[in-house]
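Next, two complexes with chain A in common: one pairs it with chain B, the other with chain C.
For the complex of A and B:
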């Protein structure tokens, strides 16, 4: 009998909305099952129902059997017992998931002390042992530390160790690496795999990242809109998807590997982009930043060199990617170029004009804004919730141009059309739009005044893969039509590969490597670039792209 | 300047990883923080003393005329009184004399009682302190329970009922509350005395039951609402769900993760309440005929007894500033992140 057996699980909210519709899946001991889907597909809810963590008043149907015991309709004591002994869960964001006001030692020992009744010393010894097993360097000291003293990757290890305190038979991982950098993700996955095999646990692994699922799962269950779309052997599902939805999902997933046709990813043909061949000519680059630096001085702390002597240039119509992990200074670089932050040293020129200083006064701000516009990471935060999408764009036009109301409205519609939206979206307020639609509105707003340079700071990171693919398509389309110059900040090498001809890699404020994207990914020279590329998850049956390129 | 928070946060964590006691409580940085708080406490008190002392010169009316009330003052008498109270000195010297005395607990002589201010205050203070302490206990018990009950039943009938009840109470001014309480519990039912503060500890507590309820009403509402919203905010946090998923009992989760984390805002509001309680006690003391500091203040303002007014105002200011400084200094124990600065949040 399986460790976890879910059959025909349904979940209805009190208002009648059906969130889960006939979910069936099973996990055996020692097996890893991936639960894959986009946001809102019900994958998290399915996993939470295993531990009885369903919304108040939700009605459940079907069966959920964990370790031979029925979860649905179990008594409160029965549920507590399942949570304490049968299964435990690792959550997405370790910074949100560990109480910031208590020590890590408290997090590690509280279940041992309060549920198992172990003595403090006994619990502490066990906690230190577990922290050591997830490769934290100083377990004894860590027990006295607070979460804010830890990086995300270290905290996620604590979270894993915390989930293992109960020696669970099933480990449920809900997007455990989504909030982490790619190199950290690789380390965490290594820890998880290690623990799974040494303990013989079953694992239910929720992710939106197909490459990640393919790299660690034996079987996958693809979910969409509360239903199971496809179930099967991981390799079979990804290499020969059968459902329509799965096919689309696989096609939309960018890969770091060169497009060999296996995944059907559409890489932009760089030659199709106009004027890209002129980049080696003598013409002045559209954006040139020379030796810019930024240091933050914090009272009572060592200073932070956010950006050190960075130089970049983008030819007219070119697209440059800045990649790096969190804290590498890539966002600070973008903020200096957009004029939100003053560089300590160096100079920035956009379209031949000096743009180093933070603009002072209205005229200078408007001029700076006309030369460079930014699209931010989170479209939920960057649009005013009380303004219609059309009004947001119109405001930008009115600020910078002297268009009449009717001309401005017409221009708004033209812009929305360009990003694949229509008149009905112009009337909509942001909350009625989906994430992808919002980000397209944000792009349309940035393009409204024809900036010389568009800066996109992680502009697709918060989006689902299929939505990300749409937004990237829109971007490619606009570049093809207008020859827009783009500075693309991202941590995602696969996305960068689709969008940009050239890439610079940043680490701790310094640019460590630069070059044409394809060449850089195929033959990285700096060890850090190599590490970044190696850390990107890929199916274990896939060919190593680097080796592949070298042998070709 | 808007700091690029992620970059700074990462740097802070790298530093923390390198040095595990970074941002700890008993470090040099921690001591500097406490010293800074104490420094700003002293500065606040100094500025308040300036304001309190010199505001006398803005108030119409001459204390000398008051002192010699009822008589036809001869120039000699005026000169004698002026000299006796040091009113002939330049203002800054009067201030210095007053300040030096005040620091030693000597606020001069009351004009109306012809006694030392400290003696006059010493008689009145116990009643007011007792009243404030009893009201404070009531506020803590009733306010916290109402807030917790409402938060745990969020969106349900009990929550709505509690909120409506609190809102209605908040519309009851303390003088109305006092009169209603006297009318029902003292006059009709005869359970409590209507007047005075009693003799001895037990009797005093008995006498102060109604006044402390009247004083507490408005503040119970404040604490209740802050408790509710702070708890509700914490209930939605992911770490609470994590705690539940680990098989902890609901009560344990509420106590260790929800209430514990909700404490910060509750304490901040409580600190601000201290001044309000001391000031509002004036009205309640008047309504219940208590010989406390509040009624003394009203009376002294009325009779231009400025040494007493100054002493009472300084006392209220000091109580307020000291309580809030204590809460500030205790903050790292409530929320360890605050010692490390906002960047690491």
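For the complex of A and C:
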């Protein structure tokens, strides 16, 4: 009998909306099952229902059996007992799940003393042991520390240790590494795998990242819109997906692995972009930043060197990626280029014009805006919530051109069409648009000004993979049509490989390596680049879906 | 770093519970609307002119001729109540509008510019906070004479810091948002973004909060005319009515004092309920 057995689970809200529709899955002891899907697919809800964490008033149907006991309809005491002894859960954001006013020792020993009735000294010793087992360097010391003293990755390890205090048979991980850098993610995954095998736990691993699921799961369950689309051996699902949805999902997922021939994954790539200009090295580059630096002086703290002596250049029509983890200074670099921050040293030239200073005065502002535009990371925040999509674009148009109202409206529609949206989207306020649609509006708004350079700061990071693929398609299309020069800032090497011919890698404000993307990924020279590439999760089998499909 | 996207499950759990606020809110809205209409159409609906004396019915109880009875001079209480609603509602309305305009502009200036302007304005607000608004109004009366105008101006200033502090906090939060950076990158000027885009975005929350001030101001202005410093007789005013009814209380005639007092309480409570409900509906956490 399985450790966790969910069959025909349904969940309805009081208003009749069916959020889960006939979910069936099982997890055995010692096994990792991946629950994969895009946002809104119901994967978190499924996992939460195992611990009885369902929305108020929701009606559940079907069976959820955990360790031989039925969860649905169990008494509060029964569910408490399951949570204490059978299963525990770690969440996406470790900082949201820990009381910032209490020490880690309090956090760790509370469960031990409450659930297992250990003495204080005994609980403390056990807590230190657990912290050591998740590879934290100084367990005894950490017990006296507060959450704010820890980085996100360390705190997530504390959360794992906390979840292990009850010696659960099943560990549910809800996107535990999504908010973390890729190298940190690799460490967390290592800890999780280690704990699973030493304890023989079952693991239900929720993620939106197919590569990650492929690299650690034995079996995967693909979910979409509250239904299970496909279940099976991880390798089989990713190499030879059966369902239409899974096929699309797999196709939309960018991989870091070098494309060997037609994999179907790499529809848009370098070939799409005319590379004649890049050959002419003597021509002045479209964007040239020379030795720019930025240091932040915070009161009472040591100064932070956000960017140190960085130089980049992009040829007309080229695309350069800046890759780095959080705190590497890549966003500061972008903000200096678009004129939101003033560089302390160095100079920035765009299309041959000096653009180092933060623009002052109307003429300078408009000129700077026409030379460079930016698409921000989170489309939920970068559009004015009160303005309709059409109005946002129209505002930008009317600031920069002298179009009449009707001409401006027509231009807005043309721009929206260019990014694959239509008239009805022009009337919509941001909150009624999906993430992908919003990001397209943001792109259209940037294009309205017809800039020389487009900076995309993590512009696809907040989007689901299939939506990300659409946005990247739109970008490729625009580059083809307009010969737009793009500076693409990202933490995601797989996306970068798909978009940019050239890449620079940043670490702690410095550029540590630069080169053509393919070459850089294939043969990284700097140890940090190697670490980054090694940390990207990837299945330990060769990905060649087309070949597998043919043989299957 | 990937931004965590809240999943549907989390959204559902965060969704606020439906509250049975409908009835209370409806009654409150009804009271305020009736009072407002009464004030506007007073000459048409009041059964008597407010200052018509009827010596045949002095301190009379409720009757068919005088629904709420009469006061010591035989004036119809209902009519005086209806006419009194004019100054009772107009004063607070002017104060709310005045303090909102002053407060929002100063708050915007402090929150948007930051730096020394913020510090100086912050100290000024602190001083005004420490100053009871009623005291400021009395000072204004002492300087500029009795009536409605001087207290209204004084209280507009006294209440501005409440609005300004909220506006400042909201603007400070708003200006760090990427959409403001996006406007900057597009080439819009700082003042344009602040006035045309950020200010309208914070207005609903500030407006709802300002509504709450209405009740306090109404009570304070009524207090002022009770003290004989606000609206002057013979203009009917609720506060002045309570004042004039004082001698009657000794004689056992409570109604002339109770009727305007109840009116004050009803409107203040109703306005507060509406203000609370509006703030809640417009939502948005109100930063400290």
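Here, the second predicted complex is superposed on the first by the 529 of 552 C-alpha atoms of A that agree within 3 Å, B and C clash if a C-alpha of one lies under 4 Å from a C-alpha of the other, contacts with A are read in each partner's own complex, and residues count from 1 in each chain.
Definition applied: a contact is a pair of C-beta atoms (placed from the backbone, for glycine too) under 8 Å apart; a residue touches a chain by one contact, two chains touch by 3 or more.
Predicted model, so just to flag it, every value in this text is computed and none were measured.
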Chain B versus chain C as contact partner of A:326, first or second or both or neither: both
Touching partner for A:340 - first (chain B), second (chain C), both, neither: both
Partner chain in contact with A:138 - chain B first, chain C second, else both or neither: first
First, second, both or neither for A:88, with chain B first and chain C second: first
Which superposed partner A:180 touches (first chain B, second chain C, both, neither): second
First (chain B), second (chain C), both or neither touched by A:461: second
First, second, both or neither for A:501, with chain B first and chain C second: neither
Overlapping contact positions on chain A, where the chain C interface meets the chain B interface: 92-93, 326, 335, 340
Complex contact set, residues of chain A against chain B: 51, 53, 80-85, 88-89, 91-93, 96-102, 110-111, 114-115, 138, 141-142, 144-146, 148-151, 154, 159, 162-163, 165-166, 296, 298, 300-302, 304, 306, 326-327, 329, 331-332, 335, 340-341
For the chain C and chain A complex, residues of the former touching the latter: 1-5, 7-10, 12-13, 15, 17, 177-179, 181-189, 197, 200-201
Touching residues on chain B, where the partner in the complex is chain A: 1-4, 6-17, 20, 22-23, 29, 32, 237-239, 241-249, 252, 256-257, 260-261, 334-337, 340-341, 343-345
Residues of chain A that touch chain C when the two form their complex: 13, 19, 39-40, 42-45, 48, 55-56, 58, 92-93, 175, 178-181, 325-326, 335, 338-340, 359, 362, 365-366, 368-370, 372-374, 376-378, 381-387, 395-396, 399-400, 435, 442, 445, 449, 458, 461-462, 464, 491
